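Note that the chains are named A, B, C, D and E in the order they appear, and that numbering of residues resets to 1 at the start of each chain.
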Amino acid sequence: MNLPLLLGDIRATDLVVVPLIAALACALLPLRGLARAIAVLSGVLGIALSLALAAGAAPAGGLRGEEQIAWAPALGISYHVGADGFGVALLALGSLLFSVGAVSSGSARGRGYFALWCALQAAVSGVFVAQDLLLFFVFWEAMLLPLALLLWQWGGEDRRSATLRFVLYTMAGSALLLAGILALGIGAATFDIVTLRAHRLGAATQTGLAVLFLAAFVVKLPLFPFHAWLARAYVAAPLPVALVLSGIVAKTAAYGIIRLCLGLFPLGMETLAPGLVALAAIGTLYAALLATRQDDTRRLIAYSSLSHLNLIGLGIFAGSAAGAQGALVASVSHGLIVAVLFLLAGMLATRTGGWDLGRSGGLAGSAPVLAACFTLAVVATIGVPGTSGFAGEFLVLAATYARYPAAAALATLVVIVAAVYGLGLLRRAFTGVPGGAVPDLGPRERALVLPLLALILVLGIAPRVVSDLVPGGNAPVHAADLR
Amino acid sequence: MTVADLSAVAALLVLTIGACLVVVVDLVARPRATLLAWLGAVIGIAAAATAALVGSGAPGFGGGIVRDPATVFFTVLIGTVTAAALLVSPGALRRDALPAGEYVSLLLFSAAGGTLMVASGDLLVLFLGLELLSLPLYVLTAMLRAKEHGDEGALKYFLLGAAASAVLLYGIALLYAATGTLRLEAIGRATADPLYLAGLALLLGGLAFKAALVPFHAWAPDAYESAPTPVTAQMAVVAKVAAFVAILRLVAATGRAPLARVDWQVALAVLAAATLVVATFSALGQRSVKRLLAYSSIAHAGYLAIGAAATGATAGPAVAFYLAVYAALTFGAFAVLSQLSSDDPTVADLAGLWRRRPLLVVALAVFLFGLTGLPPTAGFLAKVYVFEAALRAQLLWLVVLGVLASVVSAAYYLRVLFACLAQGDGGTEPTPRARVATGVIVLTAALIVLVSFVPQPLLDAAALVRF
Amino acid sequence: MAGAALMPTTAYLLLGAFLFALGAYGVVVRTNALAMLVAVELMLNAVNLTFVAAARQFGELDGQVIAFFVIAVAAAEVGVGLAIVIDVARRRGTVDVDEATDLRG
Amino acid sequence: MTLALVPLLPLAGAMFIALAGGRIGRKTTGTIGTLAITLAFGAALSMVVSVAEHPRLAARLGAWLPVPGADLSLVLEGAGLGLVLMVTGVSALIGLYSIGYLPAGPGAQRYFAALDLFVAAMLLVILADNLVLLFAGWELVGLCSYLLIGHERERPAAAVAAQKAFVVNRVGDAAFLVGIFIFAATARTVNIGDLRVASIEHLRPDTVTPFLIASALLLVGALAKSAQLPLHVWLPDAMEGPTPVSALIHAATMVTAGVVLLIRLREVLAPEVLFAASVAGAATALFAALVAVGQRDLKRVLAWSTISQVGLMFVAAGLGAVFAALFHLLAHAFFKATLFLGAGAVIHATDGEQDLTKLGGLGRRLPLTAATVAVGALGLAAIPPASGFFSKEAIAVAALDQPLLLGAVLVTSLLSAFYAARLYTLVFLAPARAMPAIHRTPLSMAAPLVLVATAALAFGGLVGAHVLPLGLGRESEAPAWLLAASIILGLGGATGGWLTYRRGASAAGAVERIAARAAGGFGVDRLYQAALVEPFGRIARGVDRGVEAANERAIDGFAGLLVRGGGLVQRLQAGSVRGYEALLLTGAVILLAFWSLR
Amino acid sequence: MDWLAQLGAERAIFAVAGAICVVSAANAVLRRDPLTSALSLTLTLFSLAILYLGLGAPFLAGVQVAVYAGAIMVLLVFVIMLLGTEHRFPLPVTRPRLGLVAALVSAALFGVLAIAIGRGQLPTNVATTTEATDHVGAVADLLFTRYLLPFEITSVLLLAALIGAVSLARRRSSEREWPERR
């Protein structure tokens, strides 16, 4: 039995092992009633572990809890794990969202559900700690299965076609990623990310490989216009699954771009940056525009989420440390916000009996706390200062402006459109003549939502807690290579 | 006959004598089908054990039989798979009232042909091995008499097989006319003139037929669908193993020829590409699970051809590893099917299987994930291995195609898996539980999982396979 | 000098190639399974002619021995093949391969 | 650290009220909310002495964003203290007033939390030492105005107006943000003090354009927040909020934020942009005054007059007349607060009647209100001794060199006087109409009213003319002809208004008909609706049904293509063994040809 | 052996037997009636046997006649007569496009093969052991020494084929009667 907390020596691998054990426990032990508790525990342990990792000073190599074990030496693959600043922050966020999602999952779901849930947590954590390209790919693909099964088995009406679309689209991207990984690894005779970062390729090679790698990431993020799977998947998915899908799974793509694309192919990314930045800027605005048209709460959140994810992409593609730093803050912020939004949307839907915004209205009178929480969540979504939403948005846009002014200016228009859809949501759900009284948030619901809202505010005042984990600065990442 | 000769054919002897023994036992004692199947399985295991114990060494019969690590590796594989196929057969034997004696002995004969092919250092032996492999399979394909289209598959298989072996044989004849010899290593030393190349081309065509590479693949779906499922399992594995080993031996031999500019790489790459495209697309629309898996096995011939197209030193180990993993996965998938009440279920028929036989579904999931090449299963490692080999040979386009094909393949594999999870009763009331068969299936799945996480021993073994 | 006097081996090889191509043609155009079998036999005989002619070219007997094996294999094939064709005929009442096209796609 | 307390006290009040939930009653909530603002006022008052010693006080609370200069730090300089005192003072009075005004119900918690947050945010705008923190206050002001305008949630109109206010403000905010980005990228800091230093460099050819653009963008932000042309459309609708909110937004806080920004950044912004601000202000002043004449709704008259008066402040601020701008800002704060609170009292007394044509003759029934409103109306009409006279005079002096601007200021004065008189006449002097019961004005409403009115009266002569110049330095004395002209215009306008309307609106005849033409705001709202809002909806719908649907269809189509490709490939497997044979032989021939024909 | 005589004889044999061979083979492939096909093929087999004689392979010629023509073809003819009556008369040609494909493919096949054979450099005629003293003995010698393994495998192959054919045939009795012709 692994007792890292007691032993005081935290390894990054524990973040994978703990949920994996939880998954096995859910799957194999006949503890039907306890499955959810196990899943929650796994998430909470994950939070504790990642916070402990984050608290420790980063060692010289920059990787916390590093470890390397041979796996298939003949193929040059090793089990090399460790977490950098981005990884640690996203691990903490991921664990938090997984525990929140597990709590909100409802204990009626079976053991299979929670086993898959924990397996998904393990895979996501794995992506953030993998320091071997093929190991990264293993975890990357491993995310897909539990996700697909959760969608397929426990989803809503449209789940079948939504699942297939999601799986095929993302796998098509991963296919090119694998080709790129193999090409890179074979060319450099190693798959080790840390070693590869010191290994610099020619500009043209970097560009080619960056395209292959990006194929997977832009679909998973998803960058405009590779998002066609998104809205349907969010709507079809069970609420907790949609929560983690948007809150943390999408961030694996952001992490991948930062760690692999920017880390390994800075020159290639610089070549591609204008196009990518343009797409991200357009996507930010485009998704927000679509959000103004939605009547289904989940679809609205989906497009709002897409808008934020493109904004995160914008920061990364800007190609500076500050941009990546902003993207990290925005990622953590978006994770928290979208979690709250999905939870509240679920609570709203249980009260109005459906997701259609047209059916609610005037709820503020009888459910003032719900309305207040929703208002705060929306305020954070549309990036009002004092919330984490503003910190992320501002940092990303400021960093982007330093390198790509036109794109940043275009993306900034999103603050207007976001106000339209955000406030429109509030107006339609809560104002007007009440149709009938609904119960306000109960103590359990408050216990789930209020801490997250508090975190959003804390992060809005003290974003440095997150941003100081990684370097900043407006200098382009590729500059080091030009010298 | 020397000791070397005898050791060279030891496994072959075990199999052929065993096959005869089965016939005799069947005639004399008329035992139950299950017993015969177990006897056959013992013989298969014995052959594998013999091959492993005898090990590699000097060639026998003046070079006609090669006894290198590759022979050992693949003989063990063929023996084991045959034994496993026999162990999952009793259900089908009883249900479809198949003639057990003939069934078992023919499977053993066919395996003997396979071992001969993987060991052949001489084109005549290769040809005879191929015939010994094929003829019993024609009969076995025709054996399922209760089935509506059982005869059709056999007829097609036979007519195509006969034509294909004529093509192969003509290739051998042209090679003989060009070089005056049938020994592989002697052929490798000869000068490559158009006649020689024509011979090689036809020979490759004949072997590609056995390997089910497009456009020589058309027999496979129909024959696979017609044959009793355990036979399909064996057929899909042994024929492919034998054909690819033969191709690799040919490539290795002629690749060393001093003046030979044999463009194996392009030919195999084009075959691989055509195979991947056609098989993957064809599998998408299938309703019959067996037929779907048949196309899957064709598609995997494409991946194997990618590895073979690498042609360098890495091709051998990569293909060997892939073949071993593929053997377990494909066998396993067909073996699961063989445990259902219908011999040829549609995808929809699988509904409700999860509730009735969860263990089988879990095993099937392992196999299907592996076939898809999803990490971290061994199927993923195998694909990585052949892709890696191909990339070393500068075949990036082929690798990209292969990876894309595996993406599309996820669509049909997952379809099968999801069908098992669906609610309902798809009419696949499983046969009374066969403990041994289930055990074999679970063991296979466990092996795959083991190899997924501890691949090194198998990788080491495969690394010895150099032609 | 002596070699030039003989009928050139190439002629036999060309005859063999012609027979083989003819057999190939027959395999595709014939609809009767037995006639297809006949065409296959033609292809095998083309092979044998090639072997024997080449053997003479090399002045050895190996080619003839191989041809002998080919005949044996052909016998085995025909045996199995006829059994299958008879089976088909019994089930369907016809040996027309174009009437056995249920398995497709 | 007293400085830090100033914004933190209302913030703490807001948080306390938000978290305390419905556990405390309406009165308690209101008391706490008002107390928090009053304490902030006290804290600001306590700094008067130290400001006299140190013209620049700073307080750093901690790091905020990883951008140079974007810290949580405050600075008090120049006229800041005056503004702080005005904001906290007026807001405290409005808070007190609200306790009496608000109907019983659960909304008090929301109201006072937003009110306190509003004050904190406005103080941040005045005190932030960097652009990002200033922007934070700037946005929060907008957010609070949204919350307060939409306070009455059952009324759809209120919700729509709230949303409109926020969205229009966000247009300015977006421009503001980009402006910050430009400053951050060009000057590598967002600290206002550092930017002043950097702006000296902005004459360098490579930075002059960015500075110019950034300045222009910041001006757009200011125009939106202060409801100046062409972004003024939200303010008249904002009257959907409770009347004290209107007082808060219009009088003391939100709308003046733009002026505060211009004043604080006058050394940073490009001169061309500052002049543009003046022109925009003049145009707005004139335009809004015209529109105000035609309004029939009591509060809308005040709303348009606010737009107009803030326009005058822009004229002064743009011309660099800091004293004049601030003077008018403060004077306006008091007289407009008086007017709004008075209007609130009227509305409260008449059960929500806001239509000028239906009111009348209240002078006798609400004498206190009538008296205080008279003070406010004098200020608006710029008739001495009201403070408005002195402040407007200062603006006119500042515009002496610009005849067009001066003309606009003077005409605006005339119009202001006219509609101020119109309003007062119609409400208090015109013949009385049948009125239902008149409610008494409670003490908590009456006391602030009187206090504010007193302040409005006293401010002009005492504070404005004597205290304020100490920190700023008065520009120049007004020439005599200007003084005379101002007085004549003010009195003339007021008299005109009284004469026209003394028998009620229906009796005003031609004037009222002409004015009604202007009442629609010259169709700007409709123009925006047609040129912006509807196209936006159409574009969104087009994107939804066009691009997005096409994108989704594309992957469906791709999947369909795969399936169709599968069908095509499956035709290879047509069933006849002869076809398979042909396939096999074709393959063999191709291999043959490929290898042996070279 | 008289070279000239042999030259003439071989050429004559090739010309005559080759011509018969081509014509009968074409007949075997092209005639619709399977029985005619089979009988034509038998003629081809005979002509090939003659060619083998000319090529100095008398043993193989004998095997060709005895085993191929004698056993295999008789079996085939027997089965055709058993089954094939319905195809005596012309049937409607199914899948006409395949005929075209077949013609093209086989023409291409022959063309490519002919080019390959023509361009191929056959090893020059090595010393010809034209007349082995004991031809059959020499063949047998090879069979049991160098070709022992193939010989044994062939026997296994035949055994397997036998078992297979029997297993297919044996179960016939237990099953239904022959169906009516469709």
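One rule holds in what follows: a contact is a pair of C-beta atoms (placed from the backbone, for glycine too) under 8 Å apart; a residue touches a chain by one contact, two chains touch by 3 or more.
The structure displayed is predicted, hence computed values, not measured ones.
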Item to check | Least hop count linking chain A to chain B through chains in contact | outcome: 1
Item to check | Chain located farthest away, centre of chain C as origin (C-alpha) | outcome: D
Checklist outcome for this item: Between C-D and B-C, more C-beta pairs in contact link B-C
Next on the checklist: Comparing chain centres built from Cα atoms against the global Cα centre, which chain wins on proximity?
Outcome noted: A
Item to check | Far-end chain from chain B, centres as C-alpha averages | outcome: D
Checklist entry - Per the centroid of Cα atoms for each chain, what is the distance between chain A and chain E, given in Å? => result 71
Item to check | Whole-Å gap separating chain A and chain D, where each centre is the average of the chain's CA atoms | outcome: 37
Checklist outcome for this item: Between chain C and chain E, the Cα-mean centres are separated in Å by 5
Item to check | Where chain B and chain E are represented by their mean Cα positions, the distance between them in whole Å | outcome: 31
Next on the checklist: I need the residues of chain E touching at least two other chains; which ones are they?
Outcome noted: 94-95, 98, 101-102, 105-106, 109, 112-113, 115-117, 119, 122-123, 146-147, 150, 154, 157, 160-161, 164-165, 168, 175
Item to check | Sites on chain C at which at least two other chains make contact | outcome: 9, 13, 20, 23-24, 27-31, 36-37, 53, 57-58, 60, 62, 69, 73, 76-77, 80, 83-85, 87, 91-92, 97-98, 100-105
Checklist entry - For chain A, which residues are shared contacts with two or more other chains? => result 164, 168
Checklist outcome for this item: Pairwise, the chains that touch are A-B, A-D, B-C, B-D, B-E, C-D, C-E, D-E
Next on the checklist: Going by the contact rule set out above, which residues of chain D touch chain A in the complex?
Outcome noted: 18, 21-22, 62-67, 72, 106, 110, 132, 135-137, 139-140, 143, 146-147, 150, 153-156, 158-160, 162-163, 166-167, 170-171, 173-174, 177-178, 180-182, 184-185, 536-537, 539-541, 543-544, 547-548, 551-552, 554-556, 559
Checklist outcome for this item: Counting only contacts in the complex, chain B reaches chain A at residues 317, 369, 374-376, 380-381, 384-385, 387-388, 391-392, 396, 399-400, 403-404, 406-408, 410-411, 414, 418, 421, 455-456, 459-460, 463
Checklist outcome for this item: In the complex, the residues of chain E that touch chain B are 112-113, 115-117, 119-123, 146-150, 153-154, 156-157, 159-161, 163-168, 170-171, 175
Next on the checklist: Taking the touch rule as given, give the residues of chain B at its contact with chain E in the complex, in rising order.
Outcome noted: 1, 5, 9, 16, 19-20, 23, 61-62, 64-65, 99, 102, 105-106, 109, 112, 116, 124-125, 128-129, 131-132, 135-136, 138-139, 142-143, 145, 174, 177-178, 180, 191, 193-198
Item to check | Complex contact set, residues of chain E against chain C | outcome: 3-4, 6-7, 10-11, 14, 18, 21-22, 25-26, 28-30, 34, 37-38, 41, 44-45, 48, 51-52, 54-57, 59-60, 63-64, 67-68, 71-73, 75-76, 79-80, 82-84, 86-87, 91, 94-95, 98-99, 101-103, 105-107, 109-110, 113-114, 117-118, 122-129, 132, 138-139, 142-143, 146-147, 150-151, 154, 157-158, 160-162, 164-165, 168-169, 172, 175, 178-182
